[in-house]
Each structure stands twice: as structure tokens, then as C-alpha cells.
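Listed next: structures, encoded as C-alpha cells.
Each of the next two complexes has chain A plus one other chain: chain B in the first, chain C in the second.
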Partner chain A sequence: MHVPDGFLDAPTSVATGLVAAGTVAVALRGARRELDERTAPLAGLTAAFVFAVQMMNFPVGAGTSGHLIGGALTAILVGPWTAVLCMTVVLVVQAVLFADGGLTALGTNVTLMGLVAVVLGYGVFRLLVRLLPPTRTAVLAGAAAGALISVPASALAFVGLFAVGGVADVSLGAVAATMGGIHLFIGAGEAAITVAVLGAVLTVRPDLVHGAAHLRRPTDLAPRPQVAPAAGAAR
Partner chain B sequence: MGRGHGGALGAVYVPGSSVVHRLAPHVKLVAVVAFALVVVATPVHAGWAWAAYAAFGVLVLAVAAVAGLTAGRLARGLAVELPFVVFALLLPFVSRGPRVEVAGLSLSESGLTAGGGLLAKATLSVLAATVLAATTEARELLRGLERLRLPAALVQILSFMIRYADVVSGELRRMRVARESRGFRARHLGALRVLGPAAASLFVRSYERGERVHLAMLSRGYTGRLAAAPAAAVRPGSWALGLSLPLAAAAVLGTGMLVG
Partner chain C sequence: MSRRTLGFLAVGLLLALLVAGVGSYYASSSPDGLEWSAEEEGFGDTARDSATADSPLADYAVSGVDDGRLSGGVAGVIGVLVTLALAGGLTLVLRRRSGAASAAGQDAGGQDAGQQDAGEPVAADRAG
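Right, the complex of A and B next:
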């Protein structure tokens, strides 16, 4: 769900636009560290993955289904800066090609779903991974917590923006409680999907998971059979 | 291949040769953003706001008519707005301030205005953006963004995303067809044991495709930037034509402020 045009007043939209532009500028530098000159193709393909996976329906019971937002998952898979770029690119395409999220609200959407969701989700993940023992379970638990928190956090950030530049006169406490409550539920779904996807990637290609780099061990080389040099080898 | 190569992205563009189709992409981008800005800047609480919104609506629909877009295409564009229709409909119930009785329901006056204004603004902007997307190819839009000085690295990422979004979505679709032809039905949360690994293999395949694409580019002499033909100059006439939409809207807004 993206913020459309006219939801926030002009100063708030401009301010979030500047925040988003700054974020993207920093992320472009950071992504170069994560992916060097492979940035463009790899970030592009990861963004295509995020775009596609957002169209995938996961049943959550009672006949309803939800989809992945993917901020935390992408950050853990390819690193936070690349993830910010991927989410930004997905939001740009959704706004320009599908009118999903207003063009004047693009900065707001990038701030909420690119910056807040990714940075907070990844931050919580990093914190837990550092505190817990270096195991696969700890990585998955960190991912679950990161994904769970990223969704209500960006919803509450939206409420904050709405408090500053909203165009409707509603009681903020009620909006914050409703948005936070609904998005905590959505975040639980996000966490379940994130763990399912991340667990499967960790099983087949653990080397592709940026957030599990500390679990990687150098493979033991197979011992080379010792052959005594033959007596006439130097001839 | 009945629908051509169009996946999600390809289905957006409606081929045509109208004036709107032929305008330079960055001119159209600027025009649509400027139009959205004018719409957003119109004060909801002014008495003449509704006349202004109606005038904006006539302007966008006129452009859509010139571009030869059908009502169906515009309606499909509007579908993304649905979640916010719900929000706007809720506003009169949850807003504060003096209340009015409408059909036995106690509604907030300011909530009614705010909800209606939100709906009108969002609808107008979505219509304008739909006209832009329906008359400009994704590749052209990208060139437009490039000419508007979007950072080159971001444009490159965008171009890879646009090129491969339909490939990756196609892969996702084939995986779904394969799952369902084996009798899989996603009914409850337990389906995650199947869908999780499916999404994971989609990620692994996308990432590996990215690595292959990068190697193929390196072997063709890629040095970190993409070669592009020099951009053609845009005549002042087409700027004037493109900007006539936001300028007309701004004229409506100005008139409203003077008269109202």
C-alpha cells in the first residue's frame, strides 16, 4: 500500500523527497562497497525479483492472502544499501508505470519503505545476530524480528508524517493505534514469509546470503594423497 | 504467446501515434508531475475546490481522449487506488469536529471534506500518471528520467530491472503453473513450506542470472557505463504542448484563488 498524491501537504512531501534523495545518494556509494562494479546488473535483477515476489500470494488463513513487502528480506540477502536501491527502483517503477503511489509522494514512499523499513529491519537483524550465537537458527530469528518490526515501524513513521503534514483532522492516538495494530499483524505475516524464503536460500546457496557471511567457513580441502617421489623421476 | 511478450510491464503501454504518444518522454514526465503538484496544491476547504477538481478532471480526460485511450484502460489504471478509497471512506467516521447527519449516520464535516478531497486528488493524479504510462514505453520513460538528471547508476539499475522484470515474473508464473498442475493449492499458512522455497529459488535464479548478465557484459567490453545515443533536442513547441496540461490546471487554480 503506497501513499498517493495529496495525502500529505507540500512541505512534508518536499522534505521527505529530500530525505529520499539523500538516502539514495548514500546508498549508491554503499552499494558499490557491497557489489563493486557488479552493482547495476545484480541490483537490477534483485529489484526484478522483489517486484515479482510482491505479486506472489501467500495464504494467511481464513481465505485471505498477503504478499511480501520484502524490505528486511532483501537487506539480509544482498546487504542494506543494495536493498535500499532495489526498493527505491521498485517504487519508482510502480509509481511511474502503474500509478501505484503518487509521483509527488515518491519521496515519502521511498523514505517509508526504502529507508525506514530496510534500515530498521536490517538494524534489528544485525543486533540480534550479534547477541545470539552464530548459528543458522539465530540468523532466522534475527530475520523474523527484523521483518516483524520493519512493517509496523514504517506504518508508524507514516503516522508521524501524517501528524506533521496530514490533510485530515483525526485523533492521532487512534490512527497510531489502528495503523500499528494492523501492521503488527501484517508484520507477523512478513516475518513468516521472510523466514520461509531465507531458510530455503540458506539451505541451497548460503554463500548468497549477505547477512549470514559470518556463518561461512572455508571448505576443508580434500587431503592430497602423499606419493613418495619415484627414484628415477628426475631423469 | 497470445498476449505478445507483455508481462506485467508490457501490458501497461497502449501503442499509438497520437500527439501525446509522440511527445518527448521527459516533457511528459515534467508535465504529469507539475499537474500532480497543482492538484495537490488546490485547497480542499475552499468553496470553489470542487469546481476546480471537475475542471482538472475534464483536462485529464481530454488528454486521454486525444491519446485515444479507452475508458477500460483508464479504469484498470484506477484499480491501484482501491485501498485508499477505503481509507477515504473511513475518514468521515473517525474525524473530529462538528458532525452532520447523513442518512442516519453521524459524520464529521471536516472528515467528509478531507476524505472527498483525498479521493479527488488521488484519482486525478492516478489518471494523469495512467495516461503517461499508457502513452510512453517503459524504455522511453527511462530515457526521460535519464534526461531529467537521475543519477546514472540508478538509471542503469532501473534499466536492468525493467528489462528483466517480465523475465522474472514469467519464471514465477511458470513455477506456479508447475505447482498447480501437480495438484498444489495454497489454502493455509502450511503452504509456506512450498511457497517459501519457491520464492527462494526465484531469488537464487534471479541473482545467478544477474551474474551471468554481468559476465556477458564484461565480455562485450562493459566498463561501468552504458553507451547511449546522444539525446535529440526538444523543440520549444513540444515543451509548450506538453506543459499545456499543467499550465491549464494552474490557470484554473489561479482563477479559483482570485474569484473565490
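Right, the complex of A and C next:
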């Protein structure tokens, strides 16, 4: 999914660069609410883990491969704002050190994988978690659906950008069909990896998973009854 | 940070290093979905080399190392460690601190942070 330099014209790349910069600026504020002493180290590890798993291209037939994007997984593990930052760090490291994804396309890649994949992946996850009963299975089902949808959504977002600023004169409908179709298969792989990793973390440290906070029993939360009278007395 | 959390993070990092350092050698080298679509639809040749294409780590290989397994593995390990340092450093700077010094300087916000941290041993005890 890493867009190379050249696919999109300069104005479109500048525009996605501005979108990416604005998104990161907002995320820097939002992430402060998600990160504390316990979750900050997990966020760093999640970014490193996503970098590693993104190297594992899996075959999807027709001589094609795909790899995890990780937007949904990261958002569910550490929160959506933090996920935007983690994905951006991964994409910057890939573009600068490994020439994976273009430098002028960095804003495009942050927009597609750091913004669209995170927003769609986490949005679908939250929606399903709200509709389904508060169980571990529902969290994993929501994660699977979010991960599955996030990949073709990012692919179609690219097609949208290509419609505006693609340098080649080709049929947009055909590009959309090809991109959307193949990325639906890659999305299935994304869902499988997301469920496997999230399931493992939920098994050993459910207390660290941002998207599973509603599964924790009330006794696991802050000792509010002790604090409430004190707060009242202070007034 | 509790020893359990440290252990969890250490195992996670070890897994990431193994995937990037060893597993990546076995990854599919077929074009990815975007490359493939670009070729299919006839705009693959509009791709341009990145300005970093001459990077010593370009394309997940260490320049000058002929052994593919070693070259890709070292590149992967470097990538994991650099990503960990950058993302971990950023999130550590952004986190809410629960230390006495910062709690003293805050009002309700500091109390909230303290409460959350107080919750950790309970959760850890139950899970353990």
C-alpha cells in the first residue's frame, strides 16, 4: 500500500502533506489523554511491532502479496490518537531509512494508513462494540471487521486521490475495481493478523488494551467511592 | 512499572525482532496490492525512485552485505529498534506523569492520573 513518488502530482502531494501534518498536530494533543505511565511503553512497542509485521508480506494469489497495515490493531491496543502517531513514525522510518513509500508521497501514505485506516478501522470497531454484548468475542469480532474494512477503505481513498492528482490517464473505474478487489483479500489477512495479535494480548494483559476498557469489572477501575466524599468536602 | 509489564514488553520486543530479523526472509516477494494494481491498470511506470533510494538500508537490505538472510535481517532489526526509539520516546514525552512532583503541580487532572495508576495493581493481581 506504500505509495511511491510519482503516482500523484505535486499539488495533490502538497495537499495530503498538509492533511497529514494537521492530523499529526491534532493527534499530538489527543494522545496526551490516552497515554500514561502504563500505556506509553506499550505504544512504543506497538509501533515497533507494526514495523516488523509490515515486513511480512503474505501471498494473496494472482502473483500478488499484501501485508498488515496495522491501523485498526494499533488504535484498539493504544487508542486512536496514539495510533495516528505510531503509524506516522513507522511510515517515516520506512520512507527515510528503507525507501519504502516515496518521500514526497509521505503525506499521502500518512493520510492513507495513519488517518484513513485508523479512523475507519477504529470507527467500525467502536460501532460494533457498542452494538454487541460486552464480551471478549465481541471485541475480537469488532476488531476483525474494523481491520477488514480499513484496508479496502485506504485503497479506495488512494483511488480518490488518484482521481484528483494521478499523473497517468487511465480508467478510474478500472483502477477502483482492481484496487478495491485485491485489497479486500489483503483486508482478510489484516483481519486474521489483527485478531491473532489482539487475542494474544487480551489473554495475557487485558488491562493494557485501550479498546477493551469496557470489559473490565468496576472493581478494576479507580477507587472512586473513596475519592468522591473528599471531592465533595473540598467544595 | 511492574515486573509483569516489563516482562510483557520484553516478550513483545523479542517477537518483533524475530519477525523482522528472521521471519521477514520468508515473506512473499510478489508485488503488493498497489504495485500489482498499478501494473494491471497501466500506471506502474509513473513511479519514481525515492530520494532515499540510495540509502544504505534501501529496500530492507544493508548495502555491502551479500548474504540475503543477514542483510534483510539486520535491516529489519535496525528498523524495529529505530521505530521503538522514536515512537517510544515520543509517547513517553506525551504521557501523563503520575510522579509526586507533577501531581503536586496539578489539581483535578493530577488526581485522575493518580487514580488510574492506583487501579493497576488490582487489575494485575486479578490477571495474575
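Methods note: the second predicted complex is superposed on the first by the 194 of 235 C-alpha atoms of A that agree within 3 Å, B and C clash if a C-alpha of one lies under 4 Å from a C-alpha of the other, contacts with A are read in each partner's own complex, and residues count from 1 in each chain.
Note that in this section a contact is a pair of C-beta atoms (placed from the backbone, for glycine too) under 8 Å apart; a residue touches a chain by one contact, two chains touch by 3 or more.
Not measured: the values here are computed from a predicted model.
A.B. asks: So, does A:Leu103 touch the first partner chain B, the second partner chain C, both, or neither?
C.D. replies: Both partners, chain B and chain C.
A.B. asks: Go through the superposed model and pick first if A:Ala138 touches only chain B, second if only chain C, both, or neither.
C.D. replies: Neither chain B nor chain C is touched by A:Ala138.
A.B. asks: Go through the superposed model and pick first if A:Ala75 touches only chain B, second if only chain C, both, or neither.
C.D. replies: neither
A.B. asks: Is A:Gly199 touching anything from chain B or chain C once the two structures are fitted on A? First, second, both or neither.
C.D. replies: first
A.B. asks: Thinking of the overlay built on chain A, is A:Thr39 touched by chain B (first), by chain C (second), by both, or by neither?
C.D. replies: both
A.B. asks: Between chain B (first) and chain C (second), which does A:Val118 come into contact with in this model arrangement: first, second, both, or neither?
C.D. replies: Touch status of A:Val118: no partner.
A.B. asks: Could you look at A:Ala20 and tell me whether it touches chain B, chain C, both or neither (first, second, both, neither)?
C.D. replies: After superposing on A, A:Ala20 lies clear of both chain B and chain C.
A.B. asks: If you stack the two complexes on chain A, which partner ends up touching A:Phe49: first (chain B), second (chain C), both, or neither?
C.D. replies: In the superposition, A:Phe49 touches chain B and chain C alike.
A.B. asks: Could you look at A:Asn57 and tell me whether it touches chain B, chain C, both or neither (first, second, both, neither)?
C.D. replies: A:Asn57 sits against chain B and chain C alike.
A.B. asks: Overlap the chain B and chain C contact sets on chain A and report the shared residues.
C.D. replies: 1, 4-7, 28, 37-49, 51-53, 55-60, 65, 85-86, 89-90, 92-93, 95-100, 102-103, 167-168, 170-171, 174-175, 204-205, 208
A.B. asks: Which residues of chain A touch chain C in their complex?
C.D. replies: Interface residues on the chain A side: 1-7, 28, 31-33, 35-53, 55-60, 62-67, 82, 85-86, 89-90, 92-103, 155, 158, 166-168, 170-171, 174-175, 178-179, 182-183, 186, 204-208, 216, 219-224, 227.
A.B. asks: With touch defined as at the start, can you tell me which chain B residues reach chain A in the complex?
C.D. replies: Residue positions touching the partner: 8-9, 12, 29, 32-33, 36-37, 39-41, 44, 77, 80-81, 83-84, 91, 94-97, 108, 110-111, 114-115, 117-118, 121-122, 124-126, 129-130, 132-133, 138, 141, 145, 151, 153-154, 156-165, 167-169, 171-172, 186-189, 191-193, 195-204, 206-207, 209-211, 213-214, 217, 224.
A.B. asks: Within their complex, state which residues of chain A touch chain B.
C.D. replies: These residues of chain A touch chain B: 1, 4-7, 10, 13, 24-25, 28, 37-49, 51-53, 55-61, 65, 68, 77-78, 85-86, 88-90, 92-93, 95-100, 102-104, 167-171, 174-175, 192-193, 195-201, 204-205, 208.
A.B. asks: Going by the contact rule at the top, pick out the chain C residues touching chain A in the complex.
C.D. replies: 1, 4-5, 8-9, 12-13, 15-17, 19-20, 23-24, 27-34, 36-38, 40-43, 46-53, 55, 57-60, 75-76, 78-84, 86-92, 94-98, 111-113, 115-120, 122-124, 126-127
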